[in-house]
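Chain nomenclature is as follows: A, B, C and D, assigned in order of appearance, with residue numbering initiated at 1 for each chain independently.
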Amino acid sequence: MAGFDKVVANYAEAMVGLEDGMTVLAGGFGLCGIPENLINEIRRKGTRDLTVVSNNCGVDGFGLGVLLEDRQIRKMVSSYVGENKLFEEQLLAGILEVELTPQGTLAEKMRAGGAGIPAFFTATGYGTPVGEGKESRVFNGRHYIMEEAIVGDFAIVKAWKGDRFGNLIYRHAAQNFNPMVATAGKITVAEVEEIVEPGELEPSQVHTPGIYIDRLIQGHFEKRIEKRTVREG
Amino acid sequence: MALSREQLAQRVARELEDGYYVNLGIGIPTLVANYIPEGVEVMLQSENGLLGMGPFPTEEQVDADMVNAGKQTVTAIKGASIFSSAESFAMIRGGHVDLTVLGAFEVDVEGSIASYMIPGKLIKGMGGAMDLVAGADNIIVTMTHASKHGESKLLPRCTLPLTGFGCIRKVVTDLAYIEIADGRFWLRERAPGVSVDEIVRLTAGEMVVPEVVPEMVF
Amino acid sequence: MAGFDKVVANYAEAMVGLEDGMTVLAGGFGLCGIPENLINEIRRKGTRDLTVVSNNCGVDGFGLGVLLEDRQIRKMVSSYVGENKLFEEQLLAGILEVELTPQGTLAEKMRAGGAGIPAFFTATGYGTPVGEGKESRVFNGRHYIMEEAIVGDFAIVKAWKGDRFGNLIYRHAAQNFNPMVATAGKITVAEVEEIVEPGELEPSQVHTPGIYIDRLIQGHFEKRIEKRTVREG
Amino acid sequence: MALSREQLAQRVARELEDGYYVNLGIGIPTLVANYIPEGVEVMLQSENGLLGMGPFPTEEQVDADMVNAGKQTVTAIKGASIFSSAESFAMIRGGHVDLTVLGAFEVDVEGSIASYMIPGKLIKGMGGAMDLVAGADNIIVTMTHASKHGESKLLPRCTLPLTGFGCIRKVVTDLAYIEIADGRFWLRERAPGVSVDEIVRLTAGEMVVPEVVPEMVF
């Protein structure tokens, strides 16, 4: 790497260093804003025994769902995994483990991981199965539980535009989990729809500063829609 | 007569106040948006990271990057803002959303709610529901009063794993509008043509019944 | 208020409800991005016994410094207060109290306050005077202290543009503490250089969503520079 | 001869590597930016909320909304990003900054640092220094080796209130470059013309002295 140019030549290079047994954080919500090509590269690579942290696990045949086909995922940390037949099968067969985490807690755990905060307190989950076995404490008369940060060996995100320095801007609601995921990986890889030159993004409008990004690649995206809902025009 | 889904949404909508930021859960809560009272403006929050959710898009407007918390394609109103899920749940957890409406399997006299998990059935996950019930001061639960088999969903104590502990104050069922306070249900309104006796019979948890229980008008 | 129009008619209206003894959070770093007119309104109002949380306390005669002249501040929570003679005098005279808080911890305490997180762990301040009397704990072999959130009765911020719904965009490095302050007030008032109509700000480029803003006012700003440093052109 | 301020900055600058994100404290650390080695690109982080700090502005470029952590007017380079102070310290606390350079009053053999407060004198505050020393893995402290009265600033244990506990591994003084490990100072380099004996005499904490201590070359 020369200076701050994070652009890599191909997807194989983008995922160098990913090994069996690692924890991978993935951005996206449902199929919106997911790093689809980086996921496909993990599939191609055949890395196994992965712990994947992502709000959902894609659908059958698309998104993180493709990593189930060759049983590459050992454990999934998600808030909702209801869109996936193969997921259900592997869960019931006991070859896949799931750790259900409330959506806001999941987002905050990754933000904390990136921000050097090892643990925080939240009311979310107190008195529920999520709170079982976790320390609880009262602040100002209210019950809270302690949640610990999540850090990944790899983090993969998808953005709209990225400059060569790795500064990212997300498009519309495809932002979702990507900004926190980007901060919480020991190695963070971003794929974008368009690579631009440094200076083309307005500094105060950058969503993810380049300091969090180790590698950047431009991809082509299918952007599959999970639930197409329309009204009369 | 028990309320229809539309009437449930209509009754909930009467709790909306001008200037409210509102999060509507999946199902009946979503219908509430169709019954916003005259003169009241509300702004819809979608927990994936959108404040100012608009209607579904036309065919031409459909955009894969523009979805709501139910993963449906949506639009944004003028004056919307879009942000990360961490920011979205900061907003929710921090109590900035004025009203949250969501469904449930059970609610009890302590205000606890069970809505995401039936042991023995496959667990799909709680999504944002636990954060929503823990974060909001003002929550309305909408559900049928009893199961098809006549088993009450308003209980002395929830039997299913909880989504949230002691956080619900208002329940709109197909039979009644009920408030929760001091470890009891308080019957406030009944559905048109539904008798107090029937509501009492289908409410397992302790319920205070005032002398007059007004009938909802639609 | 009709719907979501947060615009108020004048500064007096902007600060209605501010009372003696309250805690006020103020955005800005040094003199950069401070809500100068809202501060002046507090001065005019004569509210006393205030606890003010802000990274700095302005300078003599400008910014929060003006609130020292009539001894309106009882306690200051800041990371650095070295730019102010009157501050020093009142501190030594014992009529002003100061709680020094590391800059990053201060920012995070207000973010936590706005985000419903009552406390978090940080390594900052462990083993120093800041950590004294605070709970400490080891995570992954490292020492951390527990810091609690800050919530204000009032929060005052300054932004560049704001639409009528209260959505804010900050200009350059005038962003600094303003976004966190905006989230952590029971009542949050924003003053901006320009009020625009809803729809004029790109939704994904809004820094502070309008949900955090209770009142909005357009002001004129001196924007005094604390340390003018230039090079040959 | 003891190093000048410029030489101190020059020596520190040799620790810079291509692609480093660097936070430079006020004073001598700021000067490091003037001695970035050939072929090395670094990006400066300013903790108020700026990554990619440029030089001071020309008269025409001066903008009150564009200041650094020292409250000086600055510019931003192409490819800079600007963000909130919470985001800035998330970056710092989370260990994303590759190198932090800052001054100190005292450093000890455990790597503890005292830099913000002298009891009896007015306390102005720690600003971002405590976050910076707690967050970075790689910190270089620059300071004079001893006070004007010949009192060592490299101690068995800091006497002043700490800015950070056990976090410093590298110190560049006007006399030497010293590393800290295993509860001792390790003498690595000496300033041109400064003898090992003089360094040893002015170092109060236990110091390991190798057989050969190379002289810095400028």
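Rule of thumb we're sticking to: a residue touches a chain if its C-beta (ideal position, glycine included) is under 8 Å from a C-beta of that chain, and two chains touch if they have at least 3 such contacts.
Computed from a predicted model, the values in this text were never measured in an experiment.
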Could you compare the number of C-beta pairs in contact for A-D with that for C-D and name the larger?
C-D
Rounded to the nearest whole Å, what is the centre-to-centre distance of chain B and chain C, using the mean of the C-alpha atoms as each centre?
35
With chain centres taken as the means of their Cα atoms, state the distance from chain C to chain D in Å.
29
Distance in whole angstrom between the CA centres of chain A and chain C is 32
Would you mind listing the residues of chain D that make contact with two or more other chains?
50, 76, 82-83, 89-90, 92-93, 135
Specify, in ascending order, the residues of chain C that touch 2 or more different other chains.
108, 111, 115-117, 122-123, 171-172, 175, 203-204, 207
Pairwise, the chains that touch are A-B, A-C, A-D, B-C, C-D
So in the complex, which bits of chain D are touching chain A?
18-19, 21, 41, 43, 45, 50-52, 76-83, 87, 89-97, 135
Within their complex, chain A touches chain B through residues 29-33, 55, 78-82, 88, 91-92, 98, 100, 102-105, 107-108, 110-111, 122-130, 143, 160, 171-180, 207, 223-233
Which part of chain C faces chain B closely enough to touch in the complex?
1-4, 111, 113-117, 163-165, 167, 183, 197-199, 201, 203-204, 206, 209-212
In the complex, go through chain A and note every residue touching chain C.
108, 112, 115-123, 139-140, 142, 144, 148, 169-172, 175, 203-205, 207
Spell out the part of chain B that touches chain A in their complex, as residue ranges.
46-50, 55-60, 62-68, 70-74, 76, 82-86, 88-90, 92-93, 112, 117, 122-131, 134-135, 161-166
